[in-house]
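Accompanying notes for the structure given below.
To keep things simple, chains are lettered A, B, C and D as they appear, and every chain counts its residues starting from 1.
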Amino acid sequence: MTLENVLLVSGIIFAIGLYGVLSRRSTIALLMSLELLFNAVVIAAVAFSRFTPSAGLADAGAVTANEVRAALTGHVFAVLVISVAAAESALALALIFALYRAKETVEITDVSEMKR
Amino acid sequence: MNEAFEVPTVVSFAFWVASAITIAAAIMVVTVRDVFKAAVFLAGSFIGVSAIFFLLNAEFVGVVQILVYVGAVSILIAFSVMMISDVSHGSQPSRARYASVTVSALVLAAIAVTVYNTEWTLNSGLTDPDAIAGLSGTFIEDEIASGEGRVRDASGIQASDSQVVQTGVLGDSTGTVGALLVREFVLPFETVGLVIVAALIGGLALMRPREGEPDPRGGG
Amino acid sequence: MTVQDLWLLSPEIAMTGVAIAIVFADFFIDNKRTLSYMAALLLIVPLLLSLNLWFDVIGDTEATSGLFGSLVADRFALFFHFLLLGITAAVITASVQYVERLKGLEGEFLALVLFSVTGMLLLVSARELISIYVALELTALPAAALAAFRRDGLSIEAGLKFIILSAVASAVLLYGIVFIYGYTGTTNLEAILTRLGDLPSDPGTPFGSYAVLFAVVMIVAGFAFKMAVVPWQMWVPDVYQGAPTPVAAFLSTASKASAFAVVIRIMYTAFGSDSLSQDWSGLFAALAVASMLFGNLLALGQSDIKRLLGYSTIAQAGYMLIGVAAVAANTSNGDPLAGPQGTMYYLAGYAFTNLAVFFAIIAISNRTGSNEISSLNGLSKRSPLLAMLLTVGVISLIGIPPTVGFMSKAVVFSAAVNSGLLWLAVVGVVNTVVAAFYYLRIIRAVYFEEAEDESRITADAPVILATSVAVAGVALFGAVPWLILRLAEKSLDLLAA
Amino acid sequence: MFSEPLAWLIIALPVAAFVLNGTAVRAFLGPQSLVAGWITIAAVAGSFVLSIFALESVASDGATIHQQHDWIDVVGLHLTFGILLDQLTAIMFVVVSGVSLLVQIYSQQYMHGDRSYTRYYSFMALFTAAMLGLVSSRNVIQLFVYWELVGISSYLLIGFWMERPSAAAAAKKAFLMTRFGDFGFLLAILYIFSVNPEYLDIPALYEAVGAGAIAASVATWIALGLFMGAIGKSAQFPLHSWLPDAMEGPTSVSALIHSATMVTAGVFLVARFFPLFEASNVMDLVALIGAFTAVFAASMGLVANDIKRVLAYSTISQLGYMVMALGIGAYAPALFHLFTHAFFKAGLFLGAGSVHHASGTFNMRFMGGLRKDMKWTYWTMVIGSLSLAGLFPLSGFWSKDEILATAFERESGVGWVVLIAGLVAAFMTAFYMFRAIYMTFHGEYRGGAEVEAEMARNANLPEPVGLGHTHRHESPWMMVAPLIVLATLAVVAGFLVNPLFDVGPINKHAFATFVTERNESVFSVDQHGDVPAGAEESHLPDAVHAGAEPEFNIPVAAVSSVMAAGGILLAYAMYITGAVSPVAMGRRLSAIYSVLLGKYYFDELYEDRIVVRGFYNRLARSLAWFDTAWIDNVNVQLAKLTANVGRGLANVQNGQAQAYAAVMAIGFVVVLFAFLVWGS
């Protein structure tokens, strides 16, 4: 487990999520794919926290509290991203319900009245 | 790489297992036709990710991941799937698969090229045992937990703070993250609250039936 | 958090308060027109607090930052506070009639607008990437709900497209932020600048390192979505067409302005060193060209006026990007801030111009119920006043003097010439010629086409008021451009310090 | 010395009329208020009186350059504005406000009863103000602002009768084609700016040109851009085709557009930057474009049946005359031609309007015999036509002759081309003008608008829009009086240039002496507007100096007079006596005769007999065909091409959110890899 490997795992999940976003017809499945995208981001943030604390840590012999804080920024980032993504998916679900009520469909391909 | 900082083989092995499970579940999420099954795989994938978090010494994030994603988002999605009846069985297969695979592969290639071509400032040169303990171990000793607030200047980094001291109050990274959330990152933290409120209002407004809908194509 | 922090945050806090107050006032106030007026008037509070900060800041030599460096109430932020609050007040005034027709969702509509504005205020004040991201989401989520607010097929389609694509853009932006954090160990913009200076940089790689290159491109892509810049502009025409017109007006001005503000701030603060700005200047120049060409060419064939304005806003984003691309690093004698100053002037002028056009269309479609260009036929006879106001707005969009549309292009182009980007200015000029074709179709419909329905259009007083104010701004700031330019100049002198 | 506030007042008066008419009058007195007309007339009259003072002041004290004011003064950008009142400006002031005043007076009656009377007068005031501002601008950007204002107000005036689709189309065409030229203008401004922002100030530019600070290659590019703007505004080949269509506006608007405002703006622009053009290498191009346009447009005038179209082609042709004169360095003659042309062309247009007032149509096939009923209109139009044809001793003769004499003296290839083009154009001009006169005023009355409408009905064509009332009578005095004034000016204005001898207070070469003085005074002013003690040496080439004015060249004058007289005679022979050379015209003779007797025969006459066989018509028709099929078509095709590219691109915008997301992702990857491939 090195930084590069964790980031690669994150990248793979990002790519899988992107594939889902680009290909899934059901808006709900599409929403799930979006969550994968955010999860990939969170993995990367935590990985950086674990492996690359601030540049200052590397050359200074002693570590200070601020530097530890800087290192843990990734964790804070992860928590906030998770919360926002949850709110986003809640709103997206509301929209999907509204769509279902208005058009009796949840396929994203049916939502293409406006074009060109 | 510093001896003390090296990842134990067991942890490394566990990481690969967790990653494999996560990736496999994720692939199922985006390929399986039945949306309800996809929701179940999504939950599995979330659990795998939280395992990765634990292995990366991010206990707090891992717990939040399980609470929010596995506990709330997956359930929400699963319920939605059940409420919109025709979704679970009538879902159309994915489309434009090859094009989507190509685009995703390109993005992955971009990420990989970046990751492997960058000289990351790894903490391999780190010698201070306390720092290593703080970053790789479970416990750090930090003054933050003692509640002595220090004002930091604009840049926020080169502050006048002391070194990590042994005599501080004992706390794990969760405490530090918590302190960070209400100190350094209080602004985004509070804003997230607003985001949730706004999403709630928006969601309710869209879901609520309203008396006498306005002219549907009424320009407006 | 200290009293000083609260003070610096006061406009945003007040804005939140206004939003929540409207939610509650909705329960008690039955006359929803009053509710709209109340919302517009209450904006005075954050405006006054911003003004207070402005006068506080004048004379200071250093930016006033608070909340551990995550927030800054400098004049750059305050300039956009004024702009955003002004836009919001105008949009709320112009949509009084629309809100009245919502039947039970008036308070929600206003509250969502106000929440979105809160996000924008935070966005332009934040100086730390995580805060910027969260603030961005606070602007985007209410906007998505607002886009779907009419709840018919088109409107929901607009909302859904917006939220899905916005989420993709957010994920991209987040990836960029994470890489910057991973590479420099911080998310604070100023600290990033310092770190990037300390870290070794490879002269053969753009931006000195793959990670920074990747991160910058991703961050720009994330914000380009909001700025409506090619190739991240795809949502724009669809959402403009489907969303309620006041929401489209709001998105095209406020959302765009705040996105430009944050891009300027990030680029000039975190990546502001000479060697880096060389690189992103080229990026923005290329994006500007793509946006101008794409927007103008696709606008030519449109028949829906809101869709046309959607393409137009893409093209206009291209002109604005010329100012962002015009960085001083390319020149020996240019002023470092002429470019962003031009962009700020352009944004303000565009806000007046586009609001004038959108408001006129709100007033007309309230009556005609259509957004086709042909619904404007014979407007000069049906409502000479509206016809005149709309015409001034369109003339400004074309960029004909003496409107603000011309002056802002002149300023931005001259900044480009000064930073050695003569070719970019030439491309801009070519595009203004192409753009005349489709904007002229609006004037043509207004003055030269026969109306099927000759009845007079009497617009609601608030819409007329808002439109007139916007048109007055178009004329005033076109004739006296230094009013805004001086303000922008003052706003910027701390940014690059 | 003419003070600066007075100069601003010249522009401000019509602006005030525009604002007043557009707001108060329209709101309180209605869209047909006669007050609107009086307000505009009073304002333009005020401008005219002030313009006379300005001219007088410049004549006695020399050019004045008023202090420049800061317009934008922020870091990185410094723009100024101010008034540049030199000889050129003073003359333009008088011409613009004078012609505009007469047109406004005339319009009181001509537009009487129009349902948008107030709007007409507010736009006319704006149009005049924009042109007055244009000629007095001190800064290039300031000039461009007025330039565009002229464009937009002409757009609104050409499309004034909005109920006609053709009017809307014509307005759009005029706007877009001139805008294409503006594109060159803008590029020139950008280039000036990139060379040195100080040069945007016109006196500073003169100074730099004079000091040789601008390299010839730089001057060439700037001049090319400026000339492109001039081509668009002054309707030179290949951007000329908007002007004949612009006839769709009210005739009084055409009179103003064709004589003093709008189209002369292009010629003015070249004149304003004449030192720069002199320093560049584009002079020959200017001359050739002008010469070609002069002949090309005149040939199309030969076959037009609409009297306003004849006049429109004539305008293009005469503008070509001015441009080619500038191209061979004949600065003073070009301006003099602009000066005289303004009077007789305005007179002719107003005359055409008067005819229209009586017959209800502009189609000469349905006129004829109006001479008896409209004596004043007839005689003023004959005088204008004679002047336009360039017959001694009318003003057109002198100004045309100056140009031709200069071309003769050049003794260069371009000079010969210009001379020959000038002579050919003179012949054609004389012919088509008198063809118009004969068809309109001589012979039998062919029914006017009623017959035209009836024929249109029979042929299932849309009925032409007429005035409705077609009683043949002389127009009211408010319309005739401007005609008389303009006709008088067309006769006497020529004496200002008179190259023969001093006439009373007016010296030989008075006009040329006056306009070429500008060089000394303007060049010797530094950028801050202070006039230094010692006047510098002029930097214009010798040829434009008063002393070097071409002496009256009797052979040239004789040849051109013969050409003009020949044209008139040919027209006379064809349309009055029908006795053209029996050998050449042979069978056509009887045809013409019978056609003139049977008035409805005209269609056939044109479509078949003469067109098929007539040697001059063949050329004219093919040129006209070239014009519509190629020049117009190229513009249309260009527009189509852009639209098609747009449509192709629009396929990406297919409404599918996932396609949009894919474009976003691909865009990101492309940008990233572009950076990696091309590096920094």
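Keep this in mind: a residue touches a chain if its C-beta (ideal position, glycine included) is under 8 Å from a C-beta of that chain, and two chains touch if they have at least 3 such contacts.
Just so you know, these numbers come straight off a predicted model, no measurement behind them.
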| item | value |
| --- | --- |
| Chain occupying the most central position, where position means C-alpha average | C |
| Pair with more cross-chain C-beta pairs in contact, given C-D and A-C | C-D |
| Rounded Å distance between chain C and chain D, as computed from the means of their C-alpha atoms | 42 |
| Chain centre separation in whole Å, for chain C relative to chain A (CA means) | 26 |
| Separation of mean Cα positions, chain D and chain A [Å, integer] | 65 |
| Inter-centroid spacing, chain B versus chain A (mean Cα positions, whole Å) | 7 |
| Residues of chain D whose C-beta touches two or more other chains | 647, 650, 653, 655, 657-658, 661-662, 665-666, 668, 672, 676 |
| Sequence positions of chain B contacting 2 or more other chains | 95-96, 99-100, 103-104, 107, 110-111, 113, 120-121, 152, 156-157, 184-185, 188, 192, 195, 199, 202-204, 206 |
| Multi-chain contact sites of chain C, meaning residues that touch two or more partners | 130, 133-134, 137, 141, 144-145, 148, 151-154, 159-161, 164, 168, 175, 179, 182-183, 185-186, 199, 213-214, 237-238, 298, 301 |
| Contacting residues of chain A [partner chain D, same complex] | 18, 21-23, 30, 108-109, 111-116 |
| Complex contact set, residues of chain A against chain B | 1-20, 22-26, 28-29, 31-33, 35-36, 39, 42-43, 46-47, 49-59, 61-76, 78-80, 82-91, 93-98, 100, 106-107, 109 |
| Chain A partner contacts - residues on chain C that touch it in the complex | 130, 133-134, 137, 141, 144-145, 148, 151-154, 156-161, 163-164, 167-168, 170-171, 174-175, 177-179, 181-187, 195, 198-199, 237-238, 241-242, 298, 301, 307 |
| Complex interface listing, chain D residues touching chain C | 22, 26, 70-77, 79, 141, 144-145, 148-149, 151-152, 156, 159, 162-163, 165, 167-168, 171-172, 175-176, 179-180, 182-183, 186-187, 190-191, 193-194, 197, 639, 642-643, 645-647, 649-650, 652-653, 655, 657, 659-661, 663-668, 670-672, 674-676, 679-680 |
| Chain B contact footprint on chain C (complex, rising order) | 1-2, 9, 16, 23, 62-63, 65, 67-72, 98, 101-105, 108-109, 111-112, 115-116, 118-119, 122, 126, 128, 130-131, 133-135, 137-138, 141-142, 144-146, 148-154, 159, 175, 179, 182-183, 185-186, 188, 190-191, 194, 199-200, 209-211, 213-214, 244-246, 362, 365-366, 368-371 |
